[in-house]
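Below are structures written as structure tokens.
Two complexes come next, and they have one chain in common, chain A, joined by chain B in the first and chain C in the second.
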Partner chain A sequence: MEWHQTPGNHALCMRYHSTPAITTSLSSPIKVPPSSCGQEAVGMELETRPETLSIFRTQENDPACQSEQHLGQYYTVPPSHFHTVFPHGLPPRYQQQVKTFNEGCVMVRQPALELISHLKRADYSKPTMRYLLYGVKGSGKTMSLCHTVHYCSTQGWLVLHIPDAHLWVKNCKELLPSSYHASRFDQPIQASNWLRNFRTTNEHFLSKIKLRQRYVWTKRESTEEGRPLGELVDMGVSRVKSSSDVVGAVLKELRLQAGGTEGGFRLAVAVDGVNGLWGRTTLKKEDKSPVAPEELTLVHNLRKMINNDWCGGAVIATLSQTGSLYAPSSAYLPQELLGEEGFDSMDPFVPVPVSLYSEKEFESCYLYYLDRHWLQHPHSRTEEGKKELIFLSNRNPSVLERLCAFL
Partner chain B sequence: MATRTLKTSILSLGRIHCHIYGVNVRNPLNRATYATALSINTSSQNKGFPDRGNRGPFNRRSRREAGDPRTDRMPVEQDWTAVYPTATPFRQGSVPLPVRMGFPVKKGVPPEKKGNLELIKIPNFLHLTPLAIKKHCEALKPFCTEWPSALDTGAKCDEHFPVKVESKDYVSAGTSLRNPSARIVHLRVSFCVNYDYAMYLLTVLYHESWKMEAWESEKTVADMEEYSWEDSPSQKNIMSTLVRMQVEGEGEAVREELLGRPEVQEYRDSVTRLKNEGESESSMHQYRDAVKKLLNL
Partner chain C sequence: MSASITGLLKPWTPRLFLVRWSRYNPYYLEPEPRKEVYHIPETELTPEQKEERELKSVRPIKAATNSVTSSVFNDPVLSKFVNMMMKDGDKIIAKGIITQTLENMKRKQVEKYHKAPEGKKAEIECNPYAIFHQALENCKPVIGLASIQKGGKFYQVPIPLTDNRRRFLAMKWMITECRDNKHRLTLMYEKLSQELLAAFSKEGNVVKRKHELHKMAESNRAYAHYRWW
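After this line comes the complex of A and B, so read on.
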């Protein structure tokens, strides 16, 4: 008979030590209440286990079933999900870490749990809710977004993940004038890359969703009404020139059909670095005048998605100063990074602050690195070394990660 | 590469014409030289560049030879105000002082003034010697009148000139010529003087400020001093969202009713606070709570 341990239950009566191996011992039996998430619920005595029990890990790998008792613990993203759910969304350093450790572990933290609870309880017949993750640099906004995206995809939502909106407003080698709208510009490379990743994430939806409108691309090419969405996406990937317009068409179709009564699906729009959509770009037209973001087809269409005039899904966004243009490096509050225009477009939204690691979360991270043998330096295993790490990193997740990479 | 002569450095070695290949030459005037890579001075070896007349890349032919620096010919009793009559950047050929400035590289000394950009960058006061200032004053005298003899005490000055404007100048070492505290100017008015006149002035100003000019109606949102929530995009957004959420009819009555609700009032306060006071953690939290309550989360 299988039974799952919930380490969180006895986290209440244990203290953290600096050794990685912790054995549990309980004086009285604890009844594990039955839950609907598939944990085999038995009221039994949790006896002393001689094997090492990692207190920073949880066996609960389904984001839907995670709750406050799992706060601060790492759960493993099943390898099968990795490539489908996150072809392009994870921060680059985290991707390297996954390759090194051979597993993808994400810490369960308060902002993500809060978001997931909102998503569970929201009413999807009302206009879309917008959630904005904000916080200082390196505090874990992108990781919280990815956690939420994982939840959405395990629940069978259609996920529209834009890994970094700043990539669309800078460093674009090719800017084509749009065929659809005279004053706008297309970005074929970015659009086709995004479509490819979109296709990987949402394979199973592509054949189910049917187009509601006929789209004419050139004199000879058109996509008829009733064709599956997959055909449209394939066309966008292969015909790079019209890929930006294909992106616009895909977004429009999804907006119309999300939350619909027949074959309705829920749509999650996850945008990282959403402050890049308002503000300035570094792109220039041929006469060297700057391009405004609304003159880019991709940005124009994405802004329409972020409006709350559709229903049946949610918009989850993060602010990012790291890739942003013309924003001071100390800026992290929503209004500073979004600007007036951006704030007015996102209003009303629910801001979700992401803070630095708490004591418990820092412990967890430290133990995880020890467990993975990432901290090689002997001094880092001591109490002194831990205090040094706390001091140097100020409990900032990304700074801690970079520091530990040296050890 | 185009060839060029380096006659300037050669000349400063005491007018010896010779073709040197980067070697130190005897130096009768004990001046330091640069060990520079020189090349042969022949125009026939103009590699690769067709003759462009006198406009060649390094216009060798018509280039004037630089003469001696002025410092060689400066007597001790010269008129310095003729050398630096106005504020000009440092010219190493005009200043006869052996000034050195800059960071000394290993086992070295600060670089000399010749070709020294540091000396050129900083402001200098070479045009403000005491003699120069005296000359200025002498030149200004014909335009000045005598100080009125009746105003010999401070009290008399205050009585006749009650309004005083004080401005301050600063001299400090720093990264910038300008000192922000120098921008503050004090205007002092003593009240005991003409109370009635002062009251009259204030009344006039008060009434003037109430008059609306025609161009004031063109005031745009960007000109407003404070953020007002009515008719702002924020209000429009929240109204349309709430109306869609309600599902009950449209119309003015619904809008009025929605506006009257306490959650909407709270939301309005939080947005106004955010925009007027700027952002902070606490105002963000207030906004968050207001939105959550409003949208029934």
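After this line comes the complex of A and C, so read on.
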């Protein structure tokens, strides 16, 4: 097993082999000489942690500066950023973990680094690139997506994060017929929730972007050309009935203005569970006939967003079997989950496979849980207990998390 | 007459269903699930252990039940608790509730730990297994009461309890308390974790019930000589 090869770290390998003795005393974390990541000196970085660096943590909290040498290490999302960047979108168990540990740490993994390097080198005058994260259940697709969203956020992009497209095709209590288009259906609650979270994420963009078209909502209400986007979003949040159409208008405006030369911003569309847009829904019309996804305004507009006929941004999507409808539980490949229609719409895309934890990543996760006092069972801290954890979880991140929860 | 004919036309089912009985021939020996026993090298075996091994190589062994594992995380007290919580043989649900309880207790304690100032951190117990065992210890009654008939009347006589009986009473009280005396809409794991944490710090209804039993036994000590064993 190799950690990075810089000269100071031959000591690292030796210290790692003596881990069993060290892990029994949690009060002294493994002290290593500072690695050469980032340009900061060690002294000024440590605001709250008096002890020096540990193997599984890195002080490089900016996703743009992270590279292969940080693979397997945890970086902390600064608490000030946390609620603005991730009002929605994080997996629920991870949110509980953040609340318990009082900090939000994300592991730097290969798929996320690959995505970030693609985003750094892409040409934004060409049509948008679509990136698709796929992998078995629980392998870390949503977390990689959130890592990439954090990167986009720190780089000043406008982030359109749809936490789970499946939420829009099932369990909808109110389905209103759309006023704009006769055969479509609106979902006011989901649309207004999403708009509220969108407003939290992108506060600073809302006053800068001006509308290029006049939108008429009812006989007496309309939004004029040249008004800031913030006004449109506020209207959508307050007037719940027309919120789905507001979502459509917002998406259209962003699509038109993303690649613009004057005041141009980059747009990141992050969709989790993108296979929900092309499957079947569980919603029914009043005459009990099933609703197809195209007949939902939100889904229709989102599909237009995922098309690559605009430029100046990127579409990052994740497949998800967990929330999906009518998909077998062993399916994880793009062909199986997207179906024919979905695959044709997403084609061409860059597939990014997300695998289970490697040995190094597993070690890192294990040490992190030990550090946070999460692994409490006395036997879980022994070699035998660790072997048993590897055997039971097969290095699957979510299974390991659930196992360690009660140990 | 019709009654007797319908009795004969019933399909035959055996009178005794062997659900929980392990009716093995006494010739069969118990299985040994612990891994350490098999890792002792040949040279370090005591004569009794050598004899036992030879016996096991000739005698047949019973099948191990589903609840024994060679896992290092196996806990017999916890398994007993799971069996007592189980209804209609649904061990998956009972085990799920217990794991959620342990997780919930650990989460509460770890959250408290991370938010506590440096001086108080050492006092907070985060290990859910330690909390569970200590809470159960705090709920175990030391002395019990038996209903003994003397001269036509029944007296509540204080008697010593065996270890198994004490453990059983503690677990039974814990489970009934959580099932009956809590708010209807709280989930079982939440109720259990609250009650266990309270029992760990010697508060809560179960510990109160134990104290009441002790007081009754103390007040009835005059009848102690009615016990003949």
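Here is the rule we use: the second predicted complex is superposed on the first by the 356 of 407 C-alpha atoms of A that agree within 3 Å, B and C clash if a C-alpha of one lies under 4 Å from a C-alpha of the other, contacts with A are read in each partner's own complex, and residues count from 1 in each chain.
Simple rule for what comes next: a residue touches a chain if its C-beta (ideal position, glycine included) is under 8 Å from a C-beta of that chain, and two chains touch if they have at least 3 such contacts.
Please read all numbers here as calculations on a predicted model, not as lab measurements.
Novice: Just checking: does A:407 make contact with chain B only, chain C only, both, or neither of them? Give me first, second, both or neither.
Specialist: Second partner only, chain C.
Novice: Give one of first, second, both or neither to describe whether A:102 is in contact with chain B, with chain C, with both, or with none.
Specialist: Once the two structures are laid over each other on A, A:102 reaches chain C alone.
Novice: Figure out whether A:390 sits in contact with chain B (first) or chain C (second), or with both, or with neither.
Specialist: The answer is neither, since A:390 touches no partner chain.
Novice: Applying the document's definition of touch, where does A:256 land relative to chain B and chain C: first, second, both, or neither?
Specialist: A:256 contacts neither chain B nor chain C.
Novice: If you stack the two complexes on chain A, which partner ends up touching A:399: first (chain B), second (chain C), both, or neither?
Specialist: So A:399 meets neither chain B nor chain C here.
Novice: Show me the residue ranges of chain A that touch chain C in the complex, using the header's touch definition.
Specialist: 96, 99-102, 372-374, 376-380, 382, 384-385, 388, 405-407
Novice: Once bound in the complex, which stretches of chain A touch chain B?
Specialist: Touch list, chain A to chain B: 118, 121-123, 126-127, 129, 134, 308, 333-336, 344-345, 347-353.
Novice: Can you list the chain C residues touching chain A in their complex?
Specialist: The touching residues are 71-73, 99-100, 102-103, 106-107, 110-111, 113-115, 126-130.
Novice: Once bound in the complex, which stretches of chain B touch chain A?
Specialist: Counting only chain B, the residues touching chain A are 232-234, 237-238, 241, 244-245, 267, 271, 274-275, 278-281, 284, 287-288, 291-292, 294-297.
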